[in-house]
Amino acid sequence: MIGFAVVGYGYWGPNLARNIAEIPDARLTHVCDLNKERLAKVKARYPTVVITDSLEDVLRDPHVDAIAIATPVSTHFRIAMQALMAGKHVLVEKPMTSTSEEAKRLIEEAARRNLVLAVDHTFVHTGAVRKMREIVENGLGEMYYYDSVRVNLGLFQHDVSVIWDLAVHDLSILDYILREKPVAVSATGMSHVLGEPENIAYLNLFFESKLIAHIHVNWLAPVKVRRTLVGGSRKMIVYDDLEPSEKIKVYDKGITLSDNPRNSGEKIYEMLVGYRTGDMYAPELDITEALSRELRQFVSCVERNEKPIVDGNAGLRVVRILEAATHSLAQRGRVVELGQARMIA
Amino acid sequence: MIGFAVVGYGYWGPNLARNIAEIPDARLTHVCDLNKERLAKVKARYPTVVITDSLEDVLRDPHVDAIAIATPVSTHFRIAMQALMAGKHVLVEKPMTSTSEEAKRLIEEAARRNLVLAVDHTFVHTGAVRKMREIVENGLGEMYYYDSVRVNLGLFQHDVSVIWDLAVHDLSILDYILREKPVAVSATGMSHVLGEPENIAYLNLFFESKLIAHIHVNWLAPVKVRRTLVGGSRKMIVYDDLEPSEKIKVYDKGITLSDNPRNSGEKIYEMLVGYRTGDMYAPELDITEALSRELRQFVSCVERNEKPIVDGNAGLRVVRILEAATHSLAQRGRVVELGQARMIA
Amino acid sequence: MIGFAVVGYGYWGPNLARNIAEIPDARLTHVCDLNKERLAKVKARYPTVVITDSLEDVLRDPHVDAIAIATPVSTHFRIAMQALMAGKHVLVEKPMTSTSEEAKRLIEEAARRNLVLAVDHTFVHTGAVRKMREIVENGLGEMYYYDSVRVNLGLFQHDVSVIWDLAVHDLSILDYILREKPVAVSATGMSHVLGEPENIAYLNLFFESKLIAHIHVNWLAPVKVRRTLVGGSRKMIVYDDLEPSEKIKVYDKGITLSDNPRNSGEKIYEMLVGYRTGDMYAPELDITEALSRELRQFVSCVERNEKPIVDGNAGLRVVRILEAATHSLAQRGRVVELGQARMIA
Amino acid sequence: MIGFAVVGYGYWGPNLARNIAEIPDARLTHVCDLNKERLAKVKARYPTVVITDSLEDVLRDPHVDAIAIATPVSTHFRIAMQALMAGKHVLVEKPMTSTSEEAKRLIEEAARRNLVLAVDHTFVHTGAVRKMREIVENGLGEMYYYDSVRVNLGLFQHDVSVIWDLAVHDLSILDYILREKPVAVSATGMSHVLGEPENIAYLNLFFESKLIAHIHVNWLAPVKVRRTLVGGSRKMIVYDDLEPSEKIKVYDKGITLSDNPRNSGEKIYEMLVGYRTGDMYAPELDITEALSRELRQFVSCVERNEKPIVDGNAGLRVVRILEAATHSLAQRGRVVELGQARMIA
């Protein structure tokens, strides 16, 4: 039985608490937040859980084996580091930290103490993304592009740009479904509110292969869109996360290249590129709540001293890209190389 | 009565011919193409029209007042220049020419001879784009972004990249609906077929204001998408050209900025940005075929010696951006300034 | 402060309990169910609420002013009657009772004791249906038809046909938005599982005017559809309850009838009927949770001794149609008159 | 080489003419219409075709082997009978005739003279309907229901109700995809324009099996819908004819019935019915224009003296249902038996 504390009970914390409470092998022991109203809600909902505004009290309690951190990004490093130093296993909300330097120090600390350090890249645990990885590994052929649109109206954040808020989802998905890692990144965007970070942005990821990845994120769109196109040499995928079912559609479409074009003037090219169309299918997806699945796996890792699916290195790789994209954004899209990130992967 | 010749009877030429044949003040006199099968089709369809593979014959005929050019881009300049020099008014398919230098020479020649030179930016004449311009000028407020997705499977072209084929539509729309002109452009993309031009590309247009424009074009997508989001300070638009009706949806949505935020710690920001939602409406659109409207206006310009809505300068401005984007594409998105284009506008 | 007991904690009861718990003027005092596991969940969720499997205990408690009944339909009458006889106000789940005779007896008992008797026609309290009624009363013109499709896969019920489960929603909406009441009903349908009630059915409602209402309900459909078309002489509505926003779309479309047709052979008719198209708009809707709104109004009715929006008579009118439809269903759609229902309305 | 005359050049005639003109083994010899403007259009389009307003001239010409009739329904019988008596093969627009009596006489006359008599049930020749039949025959299992919605705004007809105009499509599709024939029909509907036939109607078809078919047709709908749900014991189909591709979606969904329910009170039923979900797929469809395919087959039947896919008996079966539905419509949906229709099938 793993004792679990949730630190931060704002938007995401309640989801963590609810799912932890339902895991047979875990027990929700503490919820920690600075806001008294939030803590009162916890008490009404989970009468037996200890509520507190003192992180120290939580970390001092020997019944606490692990903590889940759902506080603002800028506090992730400090809280996670304290927890690791107190000997607690850590699951930290995405993005892992504000800087790659911080991420590296957490990785080292966890390794030194032989503690589980996991990053909550929730999408990686959805049925849709897991199916997408399956298709990418077996059926898609060579991946040509990954194009994602993730836009809606609100919620403007004030400490980080829309990239850290929304693009992080696609970066975590890409880190999970691709074997190859990006070598460079560029980003353009704009802030339309004086003094605020960028509310619209476009990211390009460059790879050593011919793969190109592009992510459009926007807090100021009239409609909500969560739609990814993935093009491969043998199949193509449309992943629409707002579809109630049929989130993943796999198209047996593409181009065919002719081996022996007749060399007869302008017709040569028309023979080279042909088009192939076939059936579309929408595979049935596992509809387990992603966070439930993720927390069960985290508990299992703690119990068996195993490495989680999304470990500190995965979190670091994503933070590196976010950092580089932020640099690029400030320079109208100058390409920023990601050299070291590749070595870690 | 304006005598009209169509040069080039491939994909677009038949549409030009059909619409010219239906204009009361115009007469389709010639169709010129190098392909005999195509000419035979013309004869079957329009028995009284002269068919020929000789441009010279067409230009020599005094019954021909104007020519419509629908040949490959690389031939636009030569044919249009010959036509102007023969004293014919010219309507040339988009993109106007392969280079801005060519475009400038056509503009000068037409001006010298007092001939009408128009570029066939067909979308500008659709009910949807005309309505969009009306809203942009009256109701949208300050424009924040223009984001367009124009993707489908095929048709790969071999002489020009997907930018010249598809992004040209958005560039022509932007040139029409915006008073402001872009100051710089960047583009990234990839060719997935050896030896062929880029089949996927992303363009950014930069402006002196906070407007940002972005265009995604792709010949290798599993689904067809023609969807533009336009964000303004007072309204937002979704323009979906594949909707059978309701192509334009106007959302009374956006953010509101508070004047007097309470200065109380972190709450200050949450007061600054508020969200506004209201009705959506889809205005009724003029459903006249765009090409018919355009050709009637061209004929009217010829008759009254007036300037067309899309003149040579509009065509040149679009070609300049295409040129700059092509340079940027070769350098992984380096920003290319558009200095001179602004002077012309 | 109104003391509230919830009887029945299966599918709908938890929603009642949650919303009651959040009303300032109400207090959730008891939850009553025969199932011990369900009661344990209540205890965990609401530690201060009394849980019991004894209806008598609930009705005997003087802190209970009102009860909300969410048990199987066949038990509604007995429980509601006991509650009324114990002096409790009653909110009963739809359909109100199994027979119109039962409904009438409840109405009489509530009237005799001056108690509030309300029926939980939840849809009536949604922003979408309230907006629809507003348009029907002001703008739609004469209503021509109401056509509703309410289909999905599951959940097969075993004591009542799909009509009592799904068509009841449309009947309650019609009762709310129309001044006119139906005069007759017919229904066809089929059971595809031996020994089970009909899982697919089609209802027709006939009116004295030219209005025709039709409802398609189906537990065995591959996709979920919740879509209603409403045609009027001046406007038409599409109400799609699965749209995340824009559930109501109002079309300025219809036919126009010419007064002075030329009397010239077959052309006469073509002049009589013209088509009118205009803008479409999707009004902003109140997004308050319908059940919350409904329960607050119920509490207010109890406090002020007022009549609820959906009273026993509304419940009775719907049950009468369900009864008649069930008769018709057994006779391949024979029309069943609803004479007496009109007198009550 | 089959000589072909088209009689009637209104809405559908031009499609017949265009497709006939493109068949290698056929020659469009005549177009006959009473309207001179229409004939002038024919002449401009097909300079070598004889135009005439005299049916007699057409039937007298020995170069005419077959005629395609696209005139108003009320004239089908007379024109087809004259054509057969003149020894011409006949393809007649749907619905075949105004009465089943007329249809029977045409069948007899064609049989007596050994001429091909085909009815233009165009949908039967689409890739979508042909695929649907394939699935119905192989994979769907027992068919439970066929539910079709075919609604839009306009075109009101003045001689026939919306049933003869729109429901005829579904009746022809059902006749093609089902081995079983309906035994009875009922229909309800309404006319909202004084003196005009019904503009909205609902049809039920009853079968000896548990299959139920339902068709909703409406000339007064704010949106265009062409959507059919087909439920089977092993698969379910959604056929949406307005989808640009993916018109047919096949769902591996349904119910499962348990063989050995535990006999423990109310739980018995919940064990009986289970729900099965699996992949969805959209098979690639043949995109040949249906009318082209149909006309080629007709020509082939004439050449080889074979029976067409949609012969006079198929046309008659559909007309019988239309007649019965019209009777039912006048009596608020009284069930009308189709006894004799079954014998013909």
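In this document, chain identifiers A, B, C and D correspond to the written order of the chains, with residue numbering beginning at 1 in each.
Please note the rule applied: a residue touches a chain if its C-beta (ideal position, glycine included) is under 8 Å from a C-beta of that chain, and two chains touch if they have at least 3 such contacts.
Keep in mind that this is a model prediction, so the values were computed, not measured.
**Q** From the centre of subunit C, which chain's CA centre is farthest?
**A** With centres defined by C-alpha atoms, farthest from subunit C sits B.
**Q** So which has more C-beta pairs touching, C-D or A-C?
**A** The comparison resolves to C-D.
**Q** At what distance in angstrom does the C-alpha mean of subunit D lie from that of subunit A?
**A** 52
**Q** Please tell me the distance, in whole Å, between the geometric centres of subunit A and subunit C computed from their C-alpha atoms.
**A** Whole-Å distance between the two chain centres: 42.
**Q** So, what's the distance in Å between the C-alpha centres of subunit D and subunit C?
**A** 38
**Q** In subunit A, what residues contact two or more other chains?
**A** Residues 277.
**Q** Spell out the part of subunit C that touches subunit A in their complex, as residue ranges.
**A** 45, 47, 224, 242, 244
**Q** Any idea which subunit B residues touch subunit A in the complex?
**A** 144-145, 147, 149, 151, 153-154, 156, 158, 184, 186, 188-193, 196, 200, 202, 204, 206, 210, 212, 214, 216, 218, 220-223, 229, 231, 233, 236-238, 249, 251, 253-255, 257, 269, 272-273, 275, 277, 332-335
**Q** Would you tell me which residues of subunit D are touching subunit A in their complex?
**A** The touching residues are 246, 252, 277-284.
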